[in-house]
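Next up, some structures in structure tokens.
Shared between the two complexes below is subunit A, which pairs with subunit B and subunit C, respectively.
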Partner chain A sequence: MSLLRADLGEAEAATSIEPESSSPGAQAQEFVGRTPWRLAWARLRKDRVAMVSLGVVILLVLVALLAPALTALIGHPPNAQYTTTGLSLSGIPVGPGHNGFLLGADDQGRDILSRIIYGTQVSLEVGVGSTAIALAVGMVVGLVAGFYGGLVDTLLGRFMDILLSFPILLFALAIVARFGPSLELVLIVIALFTWPYIGRLVRGQVISLREREFVEAARALGAGDLRIMFVEIAPNLIALAVIYATLLIPVNIVTEATLSFLGLGVQPPTASWGNMISEAQTGDLFTVAWWFLVFPCVALVVTTLAFNLLGDGLRDALDPRYGRSQIPTPTRVRRAARLMRGKAADEAKAGAS
Partner chain B sequence: MSRFLLRRLVYLVIVLVIITLVTYVIFFAGNANNLAARFAGRDASPQAIKDTAIRLGLNHGFWYQYWHYLKGLVHGNFGYDFQNAVPINSEIARAFPVTASLVIGSVVIWLLIGIPIGIMSATHPRTVRDRAGTTFALTFLSMPTFVLGVLFLLVLYYYLTQAGLDWFPAAGYVSISQSPGQWVDHLLLPWFTLALVQAAVYTRLIRGSLLDTLGEDYIRTARAKGLNRRTVIYKHGVRAALTPVVTQLGIDIGTLLAGAFVTEHVFGLTGLGQLGLNAIFTGDLPVVAAVVVLAATFIVVMNTVVDVVYAWLDPRVRIA
Partner chain C sequence: MTATDLDFSSEISQGDLLLEVIDVVKHFPVRSGSLVDRTKAQVRAVDGVSFSLRVGETLGLVGESGCGKSTLARLITALLPVTSGQIKFRGRDITALRRREMRPLRRSIQMVFQDPYGSLNPRRRVGSILSDPFIVHEKLARDEVKRQVQDVMARVGLSPEHYNRFPSEFSGGQRQRIGIARALALRPDLIICDEPVSALDVSIQAQIINLLEDLQDEFMLTYVFIAHDLSVVRHVSDRIAVMYLGTFAETGPVEEIYNQCRHPYTASLLSAVPVAEDAFRGDRKARVILTGDVPTPVAPPSGCRFHPRCPKAQAICATEVPVLEQKPGDSPGHLTACHFPITEGEPLALASRERSTGVPVTITEPTAPEPEGANP
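Take a look at the complex of A and B:
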């Protein structure tokens, strides 16, 4: 944990989020040791955008878990067809707010809200499930490759490279088409093509971690390879894993939706946001009932946006400076801002605040 | 240099062998007779299925068929498709210009949108302009391509047309040699669909890398010796910050050239992606294999190009 702690300590000193430590009475105060996770949580809590996203994510999880109860409350099961209340006399689906259909009905008279609620279940199941598998496999392979190096590393590295030069979508489609689409298969296929990203990342970290003193110390105490890899080194990768998992979940949710949109993911009548959008697009149904198309789109975008924003917030909060991150560290941003704005602007800002 | 290229060539061959083998395994994992039955027509008699299998070469063993395919590949021959017995080479020759038009156009657009917004964001960190840039990036980053595509179709095609403004056609492709104006017109929506999502990636990328660069000591030195802000940003900062963009661009072009599946599907463009998709639905093995081969080749070749360009941009990197 030493790497993380040192980094966080430095960032902490720079941001100084605890004002009472500089107040006159500070000496009398008792110092309480804070774990890196506490520090990260404190910083995350100050990030309003991340907290809102966290709220949305929790809400989505609740919606997915409570789907049966929620649809019972609405009174419209997701696959029930309401040909009398859901469709007008000429067979056109009713719009949002009519006849108790809050978000309208689709072409078969099914409640769009109920279907979106059940779609949340599918999305989260595939998104979280495939990410968990990818994370587990990527961690183990990355640890082994990075720790042993040499031939093992070359072979595993090449294997990951080759897997990454596969046209992912095409292969996923081919596999699903061959073995028949099902939720489980989609989940596994997505995991199959995403774990190398985690594997590579972990490998890079492990290569630098294995040279550190704590590994040497563990070795001196007689720890075996397995213990060093999974007990000593692995905990240092948790922050990285948390951040990338949060950023991989929305990618995998989109992949599932895309597969379903193309007709080779979750199969109707089971509702998924992707196949709802696809149904709305076939036969240009959206031209008579825009809600059929727009609401699943909104659900999908809100979900991915929430996960992305939360992932960004987590990365800022944990600030682990792993690899060539696309998000510069807060310290870097401050430095660049100072340099670019020049002294005058800095003073103006100091005066204003 | 030539050793580097040779090594990459060997790597490409290995990747192609593995990738085609996997394709074959996927298709034969079930029953080969199934594959023949799909092309024998409706309610085909067992004899007809057998004949079809012979016609398609499916009666031979797995390894024989695979070997036969590789031999054709070495001669640059992708074989004939199962559906209509048309040479696949000519199908690819027809589809590739569509995909290429789509990709090249949107690359230009996404660079023109992404890079300036990224630079603006990075040079005004923590200001309203930065916020706007980051918001743009995150919005489109969270927008799946097909969602943006169908929303464009709904708003820019359907609602505009209803309002009497038929600026955008719904679907289809007109080649540039036929009518350059129509070519642009038909591709505008697909271009922007693909480009906006990609531009978001590049905005983030260049913002991050430029912010990192601007925090370097040599930038402070350049400012300290009295160079003006503009020179420092563009000559010292942006130039150095462009390297990750080059890497990403290579990967993206490589991936998309083999078929921008989703965009092509939404807008009914008959490019490589559609070719591959249709082949997957009909079970047309040689066509799928051909698209897979092209895709892997583009990815490996573009990675090689990236490495060469990288070494040229950054003298510290040497190709070995």
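Take a look at the complex of A and C:
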């Protein structure tokens, strides 16, 4: 395994040296520096799983942004009830592909595809929104705690521990029950309970970064604490933040779906994947009309998986120190094999001459 | 305290007194337990060091790892507060300055760091790193900053077009040039070089040392040059100071120390310098082998700190702390802290072999080859 990983590392190094020029004239231009981000992107591009996931994520974002246009194209607004075309005479919803309902209709004759499209909006809004808040708060608190250490660190650290020890779902339910369900509240509640994850991570990183000589150099120049924290240390945290934000988004999407499923998130008739699943399984109708339950679940699974795999890929690309994923994916095995063959060929050539 | 009091920008001329370090002490508390902050012991990193430095001079600071060289550097640059003692820069005590008062001082005392990899922020472009001094101190317009940065890059032998590169795109020597450019940017009076070349290849070391010497002439810089490579120190320094466990063992003009050192520790350090060609050095001193390790600075030995390892140690060395003073026959700047300073031609190497083997040595040939593995 370690041999394989070492080989992969070499393969990366070998390929990333090549200039990334799409046009032949690019070589004549000034040498383009391999910035850390450029290197990471070069690594990410070779990770097929991550690239597919990135494609899915981009698609999801487009779907969310273009939701009104897409549903207009389909011709079925998300909350419109098509009692004549969407339901059969006995009241059973039509299946996928019938009467222009690509993914079928639900028990009230609403188009499942349109609802999933609008559900994407909700999921991404809550998932990305709450993660963004968590990231901002977590970064600042982690920076302050790690940078100042001592009592500040102890207090903030214990506070984060306390928040992390709460059963999120139970507490979120209580808050939502008290203040009444709304999208914004769900978003904030989720952020409230997830920022300590980022905060602790950042804190740990800052503790090691603040001992680095470049921080001392900044101090010797007369830079203040704020400047050191945000100009010197923070740029070194971005890679970490990007990785964990990408991994936190799907968690938050699932939390939103769970709250909506329990009736305390997004309120019907507004569509969200969580309340769609909830509505689908309240009766026994899903035993006949399976599409009704399955498609929102598929949407949720695909989204979660895409973000998670993208996060893994980003971690491999941005922070190679942590080592690549342990799983020898087909791509990786093939790549290693190709490299070995290439090496053998080179050696044969060297031996011949 | 008024603003004019703190102005370090007035003209100074060669030979003026720039820095005075007076009996400086730095102890680091060793704590245990996070709830009850009980100070259990003190690491006596720097324990009573005094010296002074004139404009244009270079003081070489040598000693083993952990002897307090780097701590002393950080005390002079006010990166660490002193435990006691005074550091006077251009006649003003800088140890009691408040944060705001420290700013003009930062311009005047700069530091070049040992590790050219760790001392540059890997996520920032060189142009950005080098514009820090101007942004922090001068509040210049953006394109003026850029001009200044490119100017200082050219000054240290970097190509100004590399403004937009990241540190990872430079070699170790180039990175150290960036570090020097950063220190030089605000035209300081004093630069503390904390082992500036020990992380570099020998050929690059020469380039960097030459650069530092050129800059010294050009800008009338004063250096404190920390190193453990004695040949480098001999080349760059006017005076050297030998540190052992937080104190000066010996200090003086560089050639006098290299030719006739008084402290047995200096002798052992000098005898450890590898010599490339024996045939040309008939006067080669036989090696002085020390026994044991450097004692812990938490509990330094009583009396002379060097006595447990000293080949010449006697009873008084364990009880009385030797004073750093001029010994008979030395020039006024040559001070030694030793009860029994080495006299000219004294065969110290024999005494050290006697101590390390425990057997009296009767060989009188100082250049006799030493058997392999004789000293564990």
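Going forward, the second predicted complex is superposed on the first by the 287 of 353 C-alpha atoms of A that agree within 3 Å, B and C clash if a C-alpha of one lies under 4 Å from a C-alpha of the other, contacts with A are read in each partner's own complex, and residues count from 1 in each chain.
Keep this in mind: a residue touches a chain if its C-beta (ideal position, glycine included) is under 8 Å from a C-beta of that chain, and two chains touch if they have at least 3 such contacts.
Since the model is a prediction, treat every value here as computed from it, not as a measurement.
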*Touch count on subunit A, higher of subunit B and subunit C*: B
*asked:* For A:Leu221, using the defined touch cut-off, is the partner it touches subunit B, subunit C, both, or neither? Pick first, second, both or neither.
replied: second
*In the superposed arrangement, which partner chain does A:Ile175 touch: subunit B (first), subunit C (second), both, or neither?*
first
*Between subunit B (first) and subunit C (second), which, if any, makes contact with A:Ile277: first, second, both or neither?*
first
*Thinking of the overlay built on chain A, is A:Glu213 touched by subunit B (first), by subunit C (second), by both, or by neither?*
second
*asked:* A:Thr83 in the overlay: touching subunit B, subunit C, both, or neither? Say first, second, both or neither.
replied: neither
*Identify the partner contact of A:Leu300: answer first if only subunit B is touched, second if only subunit C is, both if each is, neither if none is.*
first
*Is there a shared patch on subunit A that both subunit B and subunit C touch, and which residues make it up?*
none
*Which of the residues in subunit A come into contact with subunit B in the complex?*
162, 165-167, 169-171, 173-175, 177-179, 250, 254, 257-258, 261-264, 277, 280-281, 284, 286-287, 290, 293-294, 297, 300-301, 304-305, 308-309, 312, 324-328, 331-333, 335-337, 339-340, 342
_Of all residues in subunit A, those that touch subunit C in their complex_ = 30, 33-36, 154, 212-214, 216-223, 227, 231-232, 235-236, 238
*Complex contact set, residues of subunit B against subunit A*: 14-15, 18-19, 22-23, 26-27, 29-30, 122-126, 138-139, 141-147, 150-151, 153-154, 158, 204-205, 208-209, 211-212, 214-215, 219-220, 223, 229, 233, 244, 255, 258-259, 261-262, 265-266, 276-277, 280-281, 283, 288, 291-292, 295-296, 299-300, 303
_Help me check something: in the complex, which residues belonging to subunit C touch subunit A?_
34, 74, 77, 79, 102-103, 106-107, 110-111, 113-115, 118-124, 132-133, 136-137, 161, 164-166, 168-169, 179, 182
